[in-house]
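Same chain, two partners: chain A is paired with chain B first, then with chain C.
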Partner chain A sequence: MIEKYKEWYEARHEYAVQWKKKTGGKVLGYFCTYVPEEILYAAGVLPVRILGSHEPQSVTEPHIFAMFCPFCRDCLAQGLLGRFHYLDGIMISQSCLHLRQAYTSWDLHIPTQFSYYLPMPHHVQSRHAVPFLRAELETFRKRVEDWTGTTIGDADLRRGIQIVDRNRELLRTAYETRKREDVPMSGLEAMYMVVSSQMVDKAEHTQVTEDVVRVLEGRSAGRSGTRRLMILGSENDDVAFVDMVESAGATIVQDDHCTGSRYFWDKVDANGGDPLTQIAERYVRRLPCPTKDWPARRRIERIVQFAKEWDVAGAIIIQQKFCDPHEIDIPAIRKALESAEVKVLFLELDVTVPVGQFKIRVEAFLEMFAGDDLF
Partner chain B sequence: MAERYRTEPLKLWNKAKELRLKFYENYAKAHERGGIRWAGGAWTLDALPRGLGEDVWSLTSEPYSASIAFNKAMSLRCLEASERAGFARDLCSYMRNYWGGIILNEYAFPEFSKTWPEPDFIFQDHICCSHAKWYQVVKDLEGEIPMFCVDVATGPAIECENGDFRYIPIPGHAVEYVVGQCLDAIEWMEKVTGRRFQDELLRKAIFNHFRSTSTWASICELQRTVPAPLDEKSMYSLYVHGTLGKASQWCADFYEELLGEVKDRVARGIAAVPTERVRVMSDTQPPWAFLKVFRYLEEFGCVSVGSLYTFGLIGQWEIKADGSWGARTIPASVDAIPEGREAMLAEYVRYELNKPEWQHFYHPKLKSAMMVKIARDWKLDGVMLHYNRGCEGLTVGIAENRLELQKAGYPVMIFEGNMGDEREFDEPRTKARIDAFMETLGLKREFATP
Partner chain C sequence: MAVETARTEYWRWTESRWTSPDIDWRNGGVISGGVDVGSVSTQAVVMVDGKLYCYSNMRTGSDSPESANQAMAWALDGTGLTIDKLHATVGTGYGRVNVPFATKAITEIACHARGGNFMYGPSVRTILDMGGQDCKAIQCDEKGKVVSFLMNDKCAAGTGRGMEVFADLLGVHITEVGQLSLKVETEPPPVSSTCVVFAKSEASGLLRQGWAKERVLAAYCSAMAHRVGTLLERIGVIKEFAITGGIAKNPGVVNRLAKELNIQPLTTTMDSQIAGAIGAALFAKALHEKKGRS
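Right, the complex of A and B next:
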C-alpha cells in the first residue's frame, strides 16, 4: 500500500479530475503551506498544492524575471501549460516574494472563479500575530462561504481541523519510525507520502496512512549499512534527486522542507475553544519558513534537534537557486550543524537537476564518512 | 540643434550634500556626544526611536549601502568579504555591501570614523523577505545587539479595476497589529537603552514624518511640468534625505525649502535638461556605480522625470477630487495629531501603510496601475525598467509591469543590472540598448559633448 503514494504523486491531475467527478466539489490550488487547509476542508473544498513538473519550459520568461527561483517559474509554467485546468480557484498565503509571483501571474493570466491572497503575518514571534491572523481567517472564511455557497460554522471548522490533524498525526508517527536503526521506509517513500498528502483528499490519504503506519512497525526498507542523512532547505519534491542520493549509499531519515516535516509537524490541537483562533495559533507557531523565522532563529534549533534524535551523520542543504530566505540562513545552519558534528553538503537545485554531477558530489560526501570509519 | 529651455543649478544642491554628510557624521560621533546609535532600514517607522531623545542617531541600511556601492573599490572589498563569509552572490547587494563593511570593520565615511560604528540597537521594518533577515546576520556578525523588527506586510491599501486604482480603508485589525508591535517596541527600547520614552517627541516626529513624505510628493507632482524642473539623477540626491530621516525636523524643513525652489523653477520655466524632447521614467534602484547612464540620455534630449521608485519610496500620495494623484493631505499642525501613545501611533500607521512602494509586494497589477497613471499624467513617451538583480523586493512583478505598460501603449526598454554590485552591470551593452531605444523614440544623439 505504500506504493499508493507514488501513484498519487504521479497521477495528481487525474486524481483531482476524478475527485471532482465523484464529489461534485470544488478544487483549489494553493502555492504555500501556510494556506489554512482546515477551512477549505470545512467547506468541502479539496486543496491541492501547485508544484512544478521538473521539466524545462519556455513559457514563464515574459512573466517572471529570471533571477527569481526556478520553483516559482516551474509552478507558473504548470498553469500556463494548462495542466491544472480543473482548478476552481487558487490562493496563496503570504510567504516569500518568489512564489508570490507565480500566484500573481497565474491570477493575471489564467481565469479562475476564485483567487485569494491571505496576508499571513511574518512576525510570527510577536504576540500580536495570532489576533491579526484570526481576523484575516474570519475574512477568508466569509469569502469561501460566498464562493462555495455554503456556511462554515464552528462545527465545520472543527471537522476540518480533525481531518487535517489526523493526517498530520499519522505522518509524524511514520516519521518517528525512521529513528530506528533499521529504517522501515526510504527517504523517497517518505517524500512520496508527504507530497501526496498535499495532493489528495486527506480522508483518503489518512485511510491509507493508518495501514502504512501499522505495516511500518514490522517493516525494513532493507537499507542497513547506508549512511543516515537528513535533507533540508527550500521546497523540494525532486524525487529523481532523492532517488539518486539514496542509490549512492545513503538513506534520508529526516528533513526540514515544506514538502516534508515543516508541512505537518505541528498540529492545531483543538480543545473546544474558538476554532479560528486555534487555527491561527497553529500557523503562527508551526515550524517556520525562513521568511518568518525572526528575530530568533527557531528553525535551526529544530534542525539540530532532528539531526540528533534521528541520529544523522550528515545533512544535505538544498537550495532552490536564487532563494534568498534560505540562502541567508545557510551559513548559520552550516555552523550549527557542524558544531553538532553533522557534516554538511550544499547543493543548489534548478528546475532540472544535473544528476550525474550531483551524484559525484554526493558520492564524494559519503566517502568522507568512510574516511572517518578508517581513522 | 539649439537648447530649448533655460537651465540653472539648484540653489539648494550644496545644502542637500551637507545634510547628507551631517547625517553620517552624527551617527558616527553619537557616542562622543553621549548619544545613542541605532540601525534600521529606510522604511523603518523611525519616528519611534526619536521618542528616546533628541540625541538619538540612526544609520539607515539601504542608502548607506548605496553609498558603499557608489564607491566601487570599497564595494568590491565588501562584496568579496561577504562571499568569503559564505553568503551567496545573488543575495540582495545592499545587504552584502553592508555585511562586508562590518566584516572589514570599515565605515563608508572614513572622515567621520576609521572603523565600523556599531549600533546600540537595531530597529527594522519587514515587508521584503530580506528585511529582518538582514539584521539577523548583523547580529551574527556583531554579537548580541538587541534587535526588534516590525512586520508591516498587512495587505494592500489600494485596489484597481480596469487599470484605474483607488485607495481602500486599512482594516482595523491591520492597524492594531502594527500598532501593537510598535507599543511593544517602545517598551523594548526603554529597556535596552535605559531611557524614558517621551510621547511628545514621538508626536513631533510623526508630524515631521507627515511633512517630509507629503512635501516630497508635492515636489514630485511638479515633475509633470514640461520642461521638467528636475531630472531623476538629481532626484536621487534629494529623495535620499527622506530615506535617512523622514521623521526628522531637518528633513521636513529641507523638503519645504526645496519645494519652494522647485516651484520657482517651474514658474520661471527652468529645465533640468535644457534639451528636453522626450520624457521617460525608470523603475527600481539604479545601478549606483553607473548613474552616468542618465547623463547619456541627455545626449539624446531625453530626460527621466522620475519613477514610482523616486516618487513613492518615501512620498505619500492620494487621489484628489479631480482624479489626479497628488501629495497626501496631512494634519495642519502637530496639535492636530491625537494625544495618547496608542492613538498617535494608529494615525501614523494608518498613514504609512498607504506607501506606494509597499503595494506591489501584494500584486504587480497595483504597481502597474500607478505606473500607467504616472506615464499618462506626467506626459511620458516611454519607460526604462531596470531589471535589478540586486533587489528582489523592488523587482518583484517587474515583468508583469512591463507587459501592462506596453498594453497601455508605452514603449518599454529593459536593462539588466544590479544596484549594488557593479560586476553585474554591463555598461556598453546598456548604452547599446539605450541607443536602440532612443531610435525608436525618434531621437538622435545630437547633444553629445564632442
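Right, the complex of A and C next:
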C-alpha cells in the first residue's frame, strides 16, 4: 500500500480530474504551504499544491526573471503548459518574492474563477501576528463562501481542522519510525508519502496512511549499513535526486523541507475555542520557512534537534539557485550542524539536476564517513 | 579537386607513458592498478608495493571502458605484466564505473587527495585538482583523507578544456600557452567572463583591437587563476598547497594563482595529471591487503 503514494505522485493531474468528476467539487491550486487548507476542506474544496515537473522548459522566459529561482519558474511553466487545466481557483499566502511572481503571472495569463492572495504576515514573531492573521482568515473565509456558495460555520472549520490534523498526526508517526536503527521506509518513500498528501484528498490519504503506519511497525526497508542523512532546503520533490543519493549508500531519515516536515509537523489542536484563532496560531507558530524566521532563527534549533534525535551522520543542504531567503540561513545552519558533529554537503539545484555532477559530490561526501582502513 | 591543408591542432597535448627503471615487478609483493577515466584524459598507473612502477596518460575517447583498457594496455606495454596479474584495481574519474577490470570505483576527489599526499608528501592540506572539465578544491589530513571539498559548478570555465580552446584560437601550442602569457610587461585586466564561449568571443574582440597574443593569453590565464582562487578561498587554503591535473603544468595560471593567494604551491617531478590514478592504485593496494586480512 506504500506504493500508492508514488502512484498518486505520478498521476497527480489524473487524480484531480477524477476527483472532480466523482465529487463535483472544486479544486484549488496553491503555491505555498502557508495556505490554510483547513478552511478549504471546511468548504469541501480540494487544495492541491502547484509543484514543478523537473523538466527543461522554455515558456517562462518572458514572464519571470532568469535570476528568480528555478522552482518558481518550473511552477509557472506547469500552468502555461496547461497541465493544471482542471483548476477552478488558485491562491498563495504571502510567500517569497519569486513564488509571488509565479502566482501573479499565472493569475494574469491563466484566468480561473477564483484567485486569492492571502496576506500571511512575514513577521510571525510579532505579537500582532495572530490577531492580524485571524482577521485575514475571516476575510478569506467570506471570499471562499462567496466563491463556493456555501456557509463555513465554526463546526465546518472544526471538521476541516480535524481532517488536516489527523493526516499531520499520521505523517509525524511515520516519521517517528524513521528514528529506528533499521529504518522502515526509505527517504524516497517518505518523500512520496508527504508530497502526495499535498496532491490528493486528505481523507483518502489518511485512510492509506493509517494502514501504512501499522505496517511500518514491523517493516524494514533493508537499508542497514547505509549512512543516515537528513536533507534540508526549500521545496524538494526531486525524486530522481533522492533516489541517486540513496543508491550511493545513504538513507535519508529526516528533512527540513516544505514538502516534508515543515509542512505537517505542527498541528492546530482544536480545543473548543475559536477555530479561526486556532488556525491562525498554527500558521504563526509552525516550523517556519526562512522568509518568516526572523529576527530569531527558530528553524535552526529544530534542525539540530532533528539531527540528534534521528541520529544522522550528515546533512545535505540543497539550495534552489537564487533563493535568497534560504541561502542567507546556510552559514548559520552549517555552523550549528557542524558544532553538533554533523557533516554538511551543500548543493545548488537548478530546474533540472545534473545527476552525474551531483553524484560525485554525494559519493565523495559519503566516502568522508568511511573509516581509516584504506589509509 | 579539393586541396587539404594541414591543420595544426594546437590544443593537442602529447600522450605519454613511463616505466620505472628501478623496479622489477617480479620481485614485488602487491601489484595494484589505478585508472582515472576523466572527461578529457585517462591515466593508468601500476604500483608495486605502493611504489610507482609505470603509467600512461592519454586522451579519453568516446567509449570509457575502451579508454580504460587502452590506457592500461599502454601503461603495461613492454613490462611483461598483464591486467590479470594486477591484484586489485580501482577506477576513478567520470568513467569510474566503466573500468572493466576494476575491483571498486572511488571518486576522484578521494583519489586526488590520496595521490596528492603521495606525490607532494604528507604535509599537503589543500589540493586543487584542475581537470579537463571541472575543478575541485580539496582539504585533506596527513594521511591524504578528504576533510572537505568544493567543486566548480556546471560550466567548463576554469578548466583544461577552456585552455585548449584558447590554444586553438590563438594558434599557440597548449604547452607554450602558460610561458607565453607571462611575457607581458604589464598585466592586462582579466577577461571579464570565464565562461569558455563568452571568453572566446571577448578574446576575439581583443585580437581585433590589436592585442598581442601573449596579452590575450595573460588576460585569460589571469581570469582562470582568479576563478579558481575564489573557489579555494571559499574552502580556505591551509598550507601546504599543491595543484594536480593538467593545468598544474601551466605556469601562466599557477604563478598568477600563487600570487593571488600569496602561497607557493609545492612542486613534484611526477606528472601532475596522474595524481588521481596514483590515489586509485594506492586504494587498490589497501583493498587487496584488507581482503587478505579478513
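Operating definition for what follows: the second predicted complex is superposed on the first by the 370 of 375 C-alpha atoms of A that agree within 3 Å, B and C clash if a C-alpha of one lies under 4 Å from a C-alpha of the other, contacts with A are read in each partner's own complex, and residues count from 1 in each chain.
Just so we're on the same page, a residue touches a chain if its C-beta (ideal position, glycine included) is under 8 Å from a C-beta of that chain, and two chains touch if they have at least 3 such contacts.
Given the structure is predicted, the values throughout are model-derived calculations rather than measurements.
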Exercise for the section: Considering only the touch criterion stated at the top, classify A:E145 as touching first (chain B), second (chain C), both, or neither. Expected result: neither
Exercise for the section: Could you look at A:I64 and tell me whether it touches chain B, chain C, both or neither (first, second, both, neither)? Expected result: first
Exercise for the section: Go through the superposed model and pick first if A:P121 touches only chain B, second if only chain C, both, or neither. Expected result: first
Practice task
Return first, second, both or neither, reflecting whether A:P290 touches chain B, chain C, both chains, or no partner chain.
Solution key: first
Problem - Partner chain(s) touched by A:E363 [first = chain B, second = chain C, both, neither] - result: second
Problem - Between chain B and chain C, more extensive residue contact with chain A - result: B
Practice task
Pick one for A:E169: touches chain B only (first), chain C only (second), both, or neither.
Solution key: neither
Handout entry: Residue numbers on chain A that touch chain C, as the complex places them
Key = 348, 350, 354, 356-357, 360-361, 363-364, 367-368, 372-375
Completion exercise
chain B residues touching chain A in their complex are 85-88, 90-92, 95, 126, 128-130, 132-137, 139-140, 147-151, 153-155, 171, 173-174, 176-177, 180-181, 184, 361-365, 387, 389, 392-393, 395-400, 403
Handout entry: chain B partner contacts - residues on chain A that touch it in the complex
Key = 61-65, 67-68, 94, 96-98, 100-101, 104-105, 107-108, 117, 119, 121-123, 126-129, 131-132, 135-136, 139, 290-291, 294-295, 297, 321-322, 324-325, 327-332, 334
Completion exercise
chain C residues touching chain A in their complex are 94, 106-110, 114, 134, 143-149, 151, 153-154, 283, 286-287, 290
